[in-house]
Structures are given as C-alpha cells and as structure tokens.
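The data blocks that follow each hold one structure.
Look at the two complexes coming up: chain A is in both, with chain B in one and chain C in the other.
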Partner chain A sequence: MTSRWDVERFGIGPMATPRQADVLLVTGYVSLKTLKRIIRTYEQMPEPKWVLAFGSCTVNGGIYWDSYNTITNLAEYIPVDITVSGCMPRPEAVMDALQTLMKMIQSGEAGAYKKYKENYEYYKANQDRVLKKTVPILGQTPKNDLEGKNEDAKE
Partner chain B sequence: MKMQKSDIINILVDRGYSVFDLYHNQIALAVKKENLLNDLIFLRSIGFEHLSFITAVDFIDEGEFEVVYHIWSYTHKIHILVKVRVDRNNPVVPTVIDLWEQSQFYEQEVHEFFGIKFEGNNDLSPLFLENWVDIPPLRKDFDTREFSIRLYDAEVDGGDR
Partner chain C sequence: MMAVLRVFLFSLFAIFIGLLFMGIGRKVIARIQLRYGPPFYQAFLDVGKLFSRKSITHNFVMDLGMVMSLGGLLATMLFVPIAGHVAVKTSTNLIVIMYLMAIGYLGMAMAVAASGNPNATIGVSRALTMMLGYEVPFFTVMLGLIIVNGTSSLELISQSQAGSILNWNMIRFPLSFIAAEIALQAMMGEKPFDAMIAPAEIASGPMVELSGKYLGLAFLTHAVSIFVETAIIVNLFMGGASNIFTFVLKQFEIYLITVFIEAVFPRFKIEQAVKFLWTVPMGIAVLQLILILLK
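And then the complex of A and B:
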C-alpha cells in the first residue's frame, strides 16, 4: 500500500514486526516453506489478532491449485477472518476489506483467533499433515532413491 | 577469433555430431552418454566456456530422460544445447563439476526434481523441497493434480461457485 493510496487516512499502517501487528495479510500463493513461516509469524502475534487472506491463491489455490507445493485453502491451517478474492485484487478492494474488518471487529464478528485456540488440534493436525508427511501421498515409492540406498548399504 | 554459426556447425558435423540448427544464435547437439565429458571438453576448447544451466526432459513414452546442458560462448555469441539421452530406469550421467563448478547446484536441482543421478557428485542433497517423500515431482508419471487433491484438499476448478 503505497503513498498513492494513502491507507494511513483510515488508520492503517505497516508494522516492523508481527509482534507489534494486529492484522496479518497473507498476500498470494502459499508454498509449504511459506506456510511454515506464516504459522510461526501468526503464533508470535499478540492477541487480539486477525488474518486477511489476499487473492484467489489463498482461498482455493488460484492458478496454482494443482501445484504439488502450494496449499490451496489457507483457512485449513490458520483461522482467516476475511478474504479478498481476485487475481490480483485492486488496492481499493484491500482497503475495503480492512474497513470491513474494522466493522466486524466493532460488532464482535471477527474473532477467528479464538477459534485457533479452541480448535488447536484441528489446525495442528492439518499443519502436520502437510509439513511432516512421512508416507508417499500417491503411494509410489521413489524408486531410484531406494536403489541408491540399497547400493550404499551393500558397499 | 569469432566464428560464424555456419562455421561452427561445419566443425561439429565434420566431427560426426548430429547438429540441429534452431535459431539465429542457437544450435542443439545430440551426444551419447559415454562421450558426454569428451564432447563438453571439446566444446569448451573451441570457445564455449560458459555453462548456463542444466535441465532435463522426461520422455516417458520412450522410456528415457534427456539431460540438456546449456552452453554459451562469449566469443561466438552462440548458445549450444547439448542433449544426452539416458535410460529412465537407471538414470545416471557423469557429473560435470570438474569442468564447471556452478553445475553443483544445477545437478542438485535436476536430481531433486527428476531423480537423475550424477555420478561423481557427492552432494545431491535437496535444495528446494522440504520433507519430500514422493517420487520426484517433475517426472511425467507424478500426478500433481491428484497429489494436490489428496494432500491439500484441492477442489477441481475452484470448487462450487
């Protein structure tokens, strides 16, 4: 959000660290490596905290929906308060979403961070399922790597 | 001394290579696995001193991988693609880290995404993927769509609208 859009007039500003922030914007596709960092960032934020998922990629995968390394729905891994669809969303849409989020906070609708504590097992299970997988998802073992290991064992 | 593309093609044809003229500054060369290192050393000796990239193509119907070495000459301003075919069931090619040090990373990448082994390279550890337990993801028999549906609960065409 550059000076052209002047989000400061709505009382919105970027923070230097997640430990000082109220809202986490996840802007774009989330690969497994990014997801790991997002979870770490999210868990560092002090409560109350909110998450804005930005772009189609965080909602249903967008054009990366069938990629082997990007998750499709961010809300399975951390609780999302509000989503902005579009690829890319216009800056106006982001400002509108942030203002909507403010209204939702005022009315008490936005409190997904409470869900994270209540359903911690659900979120953790989903996170571990993709980040700590131990068996091949498609049931095929990596043939050549196994052959390599056997050869090494023989030596 | 700068050579024209036609001169380079003539030199290569005289030495018995199969040469494909691709673009105004690009030619491709099909070589055999056994001669790969000799051929690369020869190319380097006539001015093709820079290795830009190593990549691979999965020809699953023919049961072969094609490893492609992108080689550039600063003197001739010509880009050569050296292509070598290897058996898909035993994909092993000799390493070129002794010729070009930077190939360490390219070989690691090709090994990670295609499972091709580079004989003589002792560090083929993964560069990009974390905790990968399936077959290498850029092989044609890896079904990335099915993978995404099973692991990430992806919905086909974005699900219900």
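And then the complex of A and C:
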C-alpha cells in the first residue's frame, strides 16, 4: 500500500517472508503455476494465519472465468477468511477489509486455518485435481512439486 | 539479591526505552514521507503479538543463538553508565563494552546460520562484514578519546566533560563526533548501511526464518542495541547526564539523527559500504587522532 493511503497507520506492513506474516493477500487471478506457490507460501506461514482474497478473480474467476489454466474460486484450494470483490478494488476497500478482519479475529470468527487442518483431504484433493494439469504431457516423468512440502500442514 | 534486581530493572528499562524509540522512529519516518504513520506504541503491540504467536524452530542451536544475542547485548548494557548509574562497576568498561557487543551479533549469526536458509546466511555474512567496516573507525575514535583522558572508563570520560556545553567532546573533537555518527549509522544497521537486511533483495536477511517468538526476541535485541549504542555516544560525546530523564532525551537526539538519515537515503551495496566506512569516517577519525597526538 502506497504512502498516499498509508496502511502503516493501522499497524499493518508488508513482510518479506511468509515466516513473519499473519495475513496472505492473494491479489488478482490465480493461474495454476501461481497456485502452487500460493499453497507453498500458505503452508510455510506459522499459525495463526489468515487469507485475504482480493478482487473478483479470486472469487469467481472474473474475466478469466473460462480460462484453461486459471482457477475460479480460491476458497476451494486454501481456506479464505475474507474476500474483497471488485475489479480492481479501491485501496480503501482493502484497508476496510483488513480492519474487518481484525474485528473478526477479535470476535473469534476468523479461524479458517483450523478448517484447513480439519478438512485437509478436501483441500488436497482439489489441489491435486487441478495441479495434475501442470504436469508436462511430453518429455520427462511427471513430478509433483508439492510432495514433501506439506508437512507443516499435517502437524 | 539486590544485584539480581538491579540487573533485571536495568534490562527492563533498556528494552522499554529501545521499543519506545523504535515506535517514535517509525512515526518520524512516516511524517518525513508525508504519511500519518503508526502510533508511537506500535513496537510494543508488535512484540506482544509476536510473543503470542506459534513459532517454528529448526534446531537447538537456533534457540540458543537467539537467547545468546539478546543476552550478549543485555550484558553489554550492564556496563554502560546511565546518568551515573551502572549495574556492574568496573574501571575499564569501554573495552569490555566493545568486546561484549560483538557477542550479541555472533549469537544472531549462529542462530540464523543454523536455520539453513541461504538468504539468512547471505544476510549474516553481510552483517559481519559490515561489523568489520564500522568497528575500525569507531575504535580509532575511541582510541583518541582514551589517549586524551588517559583512561578507558566510560564514567570518567563522561565526567571529564562536566560543566558547560563547551566541555563536551562533541565540541572539542567535532571530527571524532562526525566519524562516530557515521559508524553509529552502520552499527544500528540503518539506511545507507542496511545491506544485511535488504527486504527487497534477500528477504530481510537474518530475519528470514524467524517466526513468532524468535522475531520477537530479534525485536528486543534491536531495541537493546539502540539503547546501548546511543548510550555509548551520549557518554562519549555529550557528557552523560545528571539525571535519567536528561540522559534519555540526549539518547533520543542521537537516535533522531540516525532516523533522519535513514528516512532519506538509499542503500549501499556491501562492498561500497565497507569501502566508504574505511575511507571517509576512518580518514576523519585518523585526522582527529593525529591532531590529538600533536597537541
């Protein structure tokens, strides 16, 4: 968030690594290649953790609703706490969402990361179903990048 | 029993003042950049939040290193006179301080090297290289002051400047003060010399694998290091103080200078930073040393 809107006044700031992060902002459409990275980042974050899905693309695909390599609903693959609709949402909307998320955390509503542990099979099945498409058809043997990186979530 | 209580109180005081300075520093930077900025108590909230989070450890050495870095800096703090009060009385504390201060950074190096992240290793190697860079000019400055005063006791050096403002080493040896200020900027890891942290480049360097409580400990370590380093400068150049309030105010002035520089400067590459530190502040410090020796 730029100096004009100054998100730091609410005590929010960007962190350089998932280990230090509380909230994961998924900003914009999620291609299959990005999804792999998002899952990996999400699983590296220490608990408690929250996800903010940003823009229409993460809710229903937006203008990429019929694309062959873009997912349409992020909430099927990782648990989403709060979504901001719009294409693009205004910075005020994002700040409002972050403050709403803070209130939800205070009241105990926001706990989607617990859902991820409870329903891991559901999320994993969804992830595998789409990530299968990223395996190259020709050439080398299929290799699942996500294997061996899911230990954090299973704990 | 009293000694333990003293140590505990001094540590709490240093952490409190350091966190307060960090919060105010963030606010000042925000105002310079025409932002509103976080509240001044933001650093306390951050530390509170970090200590309440789940944290990921990699091995025993990482736990030990984090505690060692905080412990090393707290131990340094015990030898620094704060407005006439000092937790541990010695006659040659300047040398002890400089010796102990390295332990904090070595502890941090040990902890993050154990985490096994390549970004962290790059960050730590940069931090230790930077240490080589700023310690040489800073030691030269200290050597000059030790020669002038004939003692390496920080208390005696600060007492020798009592009286008027004209007796301050800042006025008597302005070149030394400038060299020490530049070295201090590097010592705190603030902007022109923050190549070891560099969030956009090596993902905040040493802190890359620190989550929850570990990051909280790193925050506290930084807070204590701010307190110790500004306290050394106040004692060396601004004549200490008669009461704690004046002392903290003087520390805050020194911290504000570094924050102002931090707010407007971009980053040196590590080799540029060391080259700069070994030429400009080193040259100034050596010049002052020659002037002192000729006198």
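As a convention for this text, the second predicted complex is superposed on the first by the 132 of 155 C-alpha atoms of A that agree within 3 Å, B and C clash if a C-alpha of one lies under 4 Å from a C-alpha of the other, contacts with A are read in each partner's own complex, and residues count from 1 in each chain.
FYI, a contact is a pair of C-beta atoms (placed from the backbone, for glycine too) under 8 Å apart; a residue touches a chain by one contact, two chains touch by 3 or more.
Just so we're clear, the structure is a prediction, and the values are computed from it rather than from any experiment.
*Asks:* More chain A residues touched by chain B or by chain C?
*Replies:* Counted on chain A, the partner with more touching residues turns out to be B.
*Asks:* Determine, under the contact definition given at the top, whether A:P46 touches first (chain B), second (chain C), both, or neither.
*Replies:* In the superposed model, A:P46 contacts chain C only, not chain B.
*Asks:* Look at A:E8 in the shared chain and tell me whether it touches chain B only, chain C only, both, or neither; answer first, second, both or neither.
*Replies:* second
*Asks:* Please work out whether A:A16 is in contact with chain B alone, chain C alone, both, or neither, and reply first, second, both or neither.
*Replies:* second
*Asks:* Kindly classify A:M104 by the partners it touches after superposition: chain B alone (first), chain C alone (second), both, or neither?
*Replies:* neither
*Asks:* Going by the contact definition given at the top, which residues of chain A touch chain B in one complex and chain C in the other?
*Replies:* none
*Asks:* Along chain A, where are the residues that touch chain B in the complex?
*Replies:* Within the complex, chain A touches chain B at residues 32-33, 36, 56, 60-61, 65-73, 76, 129-138, 140-145, 148.
*Asks:* Name, in rising order, each residue of chain B that touches chain A in their complex.
*Replies:* Per the stated touch rule, the residues are 90-91, 115, 117, 129-131, 133-137, 141-155, 158-159.
*Asks:* Can you name the residues of chain C that touch chain A in the complex?
*Replies:* Counting only chain C, the residues touching chain A are 26, 30, 33-39, 42, 45-46, 49, 53-56, 119, 199-200, 203-204, 207-212, 215.
*Asks:* Along chain A, where are the residues that touch chain C in the complex?
*Replies:* 3, 6, 8-11, 15-17, 19-20, 22, 46-48, 152
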